[in-house]
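Two complexes come next, and they have one chain in common, chain A, joined by chain B in the first and chain C in the second.
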Partner chain A sequence: MEVEDLGQHISRRFNAEIVSLHSSVLTMGGLVQEQLDRAIEALRERDSELGLQVAQDDFKVNRMEVGIDEDCSRILATHSPAAGDLRLIVAIIKTITDLERIGDEAEKIGRLAARLAGLERPSTNYRELRNLARHVKQMVNDTLDAFARLDATGALEVVRADEVVDEEYESTYRQGITFMMEDPRTISRVIDSMWIARSLERIGDHCKNICEYVIYMVHGKDIRYTSVENVEAEVRQAIQQSEAVS
Partner chain B sequence: METAPQPKNENLSQAIPERDAEPPSELAPAPAEVADTYETVGDFTAPNPSIRTRSVDVFYGDNHAIQRVDLDIGQNEVIALIGPSGCGKSTYLRCLNRMNDTIESARVTGEIRLQGEDIYSRRMDVVMLRARVGMVFQKPNPFPKSVYDNVAYGPRIHGIARNRTELDQIVQRSLERAGLWSEVRDRLDEPGTGLSGGQQQRLCIARTIAVNPEVILMDEPCSALDPIATARIEDLIDEIRQNYTIVIVTHSMQQAARVSQRVAYFHLGKLIEVGSTDAIFTNPRHRLTEDYITGRFG
Partner chain C sequence: MEVEDLGQHISRRFNAEIVSLHSSVLTMGGLVQEQLDRAIEALRERDSELGLQVAQDDFKVNRMEVGIDEDCSRILATHSPAAGDLRLIVAIIKTITDLERIGDEAEKIGRLAARLAGLERPSTNYRELRNLARHVKQMVNDTLDAFARLDATGALEVVRADEVVDEEYESTYRQGITFMMEDPRTISRVIDSMWIARSLERIGDHCKNICEYVIYMVHGKDIRYTSVENVEAEVRQAIQQSEAVS
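So, the complex of A and B:
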């Protein structure tokens, strides 16, 4: 299935609804991305006001999730979609749950950033966190890209990138422990920053989930709970099959 | 701030011509051609099939209505034949009990075997064949006789019942299986044509069942019925499949999804794809199947 296919139904109303549904997921993704960006900015700039604003704005993400959920139910009830259309709707219902959770993590980061703003800063100004955040932001970006283009290959790359994020998280974690052992006065600050690292790592996991839905949507293969190598093999096989048939 | 990638698909829905500007027949893109050397996607065989067809071609005069269709119909399965109008699904269905014999210009070639017997062989008794492979039509067509005589007609001409008591039993059992007995037990002498549409269709199914067929062919059996009567028939199909093999042609995708275990998709006289109903409706392999069941051409 490709993006162009979304608007190729005989029913123009169905076309309009499905195209607008697809783009409202991307709008929601854009909002989540903005929340994450602002939360990280609050951390970097020690802007407690911005951090709290992010936390407050989470309701916008939640509201979008509810709206898209309703649209999905309505399309299921009125159009009884099948095959690729059905997989699209199912994938969207799952995707927005993960997007909403990313929003929740951004909210947490915002709150923590606000709290950290009142504390003394480490000499690195949270370089390791910002580094982890850069990776995760890229993942979110690539995830939305893969979703927008229904690009299974791109989605697969994100699934792979999650391993890098997991490694970075581990090293941030070890570093935090070292800091706390060296100077117990930093403990409360380091624990907060480790919560942020944890949230970022979770965002990576949600991106990975969404990318798994994208692969399901495009090829009809459910690759959850499979190792990355097996996933690659599955996707390659699916691509070959669809090429052989069409 | 990075913005989310914006979809460039606002214009996609406009790719379909305006309804007002074009006559309705031109709304749908023309169905794509499939090469004559095509191969059916998916497994068209069934273990121990009730009906086995190989390389079936049907011509109406010069018109090549069905091309090289290979398909097995499994025992006690419901297989749905779907596809756009003129795709050959009804033509194929009518081959299975030689209904095409009644069309003068029709010519059927290839192999069609019922339990291993060639149904187009010279020795095949067509009347017997149609008792073994019964048919239910789109519009209920009860005989202008009583409810009882409608069901008793087949057993009488085939000499299935030895006496009146046996015939009574057959009529009752058939009406029970068709889920109609409780509604007509007191009206057996009234004309069958006086029943409601859904009841008439169940009467036709009872009439088909009465001669104890192996296979029942159904050509859009619910298209003239309301949703409740349709649900009754679908329920009935699900029940009688314990005893019969059912081949159903339907234009309703939902119906195919609900009643069948396997689906065969026809397109311009070719059998494009065969698969389990689950696979066809969630992840069809051929592009044409996907386009048809998702309403991308009709």
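So, the complex of A and C:
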């Protein structure tokens, strides 16, 4: 085998490993999505068994995180990737931490849904929570899409959507306080539903984090802690630059 | 310069960079600790200005995280470290994410303390919260110690201490529900103090995460999602093995 062939061979193997890593993250994302869907179903259908099942199944998410983490370390050690590839791997190490924490929040929602199933149902059947959940589920979906297609523009839209989720969360929270003041017998139930709202809001935050890593992967710019407006300007500029090059 | 000298030179520079990275993380840890201390002081002293100052200062923590993150990527790209050094850097990338999130929780506590300063003080002056805070502050302190000395045994003690914090949090939570039921006029205030308890409990979780990375750095074993008993057995075994070698 010629040296050049060997180089190509290594690089091809490396590419295959990166592709497989990227797809493992998406598989993990799919599992997390399923956990969240089932947790919300448990709430809506008052299915305490399903809620507890979600909580139990969290170990599957954790197991995937550890596996991908090991793959990342192995690739870093054997291939010493540089520039874009290195950014991709560092971003993946961070992404799976956030995915795992979305899994943790789904676990908490599952447990709370199981507890709420045993209590009297409010007349709204948690409509406000289900609205919030719908938005957050969409965010998770769009986040995984942006990650799959390494789409910085899509990622930026998710970062924007998080502001809407935060506003909805605040309004759910204020409504909860009003309910409790009006009828203190509902306190336990309202507090539990507030925890669920809080978990959903945190899932939105994790999606935002992941989307920031996507933008970092694509453009090499760390845009955490930058205002949405500045980020938007930066991403637009970067897209124009890459269009000018190609 | 001989090739050998050059090798030594590079390795010496690499070591210096690792030492400086390690000490940057400790500086960031010190800042996070200070933020938490001030947030709790704001609660105790009903000092709304201090509470808001803590919230404002969170950007300093974020700035440090971005800086250390960049250093990690640069070291990975220029030195392609292997084995123990690679583990150290991967663990640092994860550690600073948790430190940054401890900073976020301190920010939230600061804001809530500022809001509570304007409300009537309960007869206990939040004694139960301050107890919980004392334990959590000790955990942060022990976590940074374990990280500074790469001390797996100390890290393991922190993992154990988190169980105590979780229990205290549960009891604070139940007490809050009782207060609200007894006197619904306290609802807003109790809910705010519950959020503080929740933030403190989450800080405990982040400390636990960091300590798990410390154990991973020292022994190369990923012990997340393992029961405390199993972790204890593994760390003991690893310590015995390293004693047998030296």
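Rule of thumb we're sticking to: the second predicted complex is superposed on the first by the 234 of 246 C-alpha atoms of A that agree within 3 Å, B and C clash if a C-alpha of one lies under 4 Å from a C-alpha of the other, contacts with A are read in each partner's own complex, and residues count from 1 in each chain.
Just so it is clear, contacts are C-beta pairs under 8 Å (C-beta built on N, C-alpha and C of every residue); 3 or more make two chains touch, one makes a residue touch a chain.
Just so we're clear, the structure is a prediction, and the values are computed from it rather than from any experiment.
In the superposed model, A:Lys137 lies in contact with chain B only, and not with chain C. In the superposition on chain A, A:Ala233 makes contact with neither chain B nor chain C. When both complexes are overlaid on chain A, the residue A:Ile93 reaches chain C alone and has no touch with chain B.
Within the superposed three-chain model, A:Ala83 lies in touch with chain B and with chain C [touch as defined at top].
After overlaying the two complexes on the shared chain, residue contacts for A:Met181 are found with chain C alone; chain B is out of touch.
In the superposition on chain A, A:Asn15 makes contact with chain B only, not with chain C. If you count the residues of chain A touched by chain B and by chain C, you find the higher number for B.
Of the two partner chains placed by superposition, only chain C is touched by A:Ser73; chain B is not. Of the two partner chains placed by the overlay, only chain B lies in contact with A:Gly30; chain C stays clear of it.
Residues common to the contacts of chain A with chain B and with chain C across the two structures: 80, 82-83, 86-87. Listed in rising order, the residues of chain A touching chain B in the complex are 1, 3-12, 14-16, 19, 22-23, 26-27, 29-31, 33-34, 37-38, 80-87, 137, 141, 144-145, 148-149, 220, 241-242, 245-246. Touching chain A in their complex are the following residues of chain C: 59, 62-63, 65-66, 69-70, 72-73, 76-77, 80, 82-83, 86-87, 90, 93-94, 97, 177, 180-181, 184, 187-188, 191, 194, 198, 222, 224-225. Note for the complex: chain B touches chain A at residues 1-7, 9-10, 12-13, 15-16, 19, 27-28, 41, 253-254, 257, 280-287, 289-291, 293-298.
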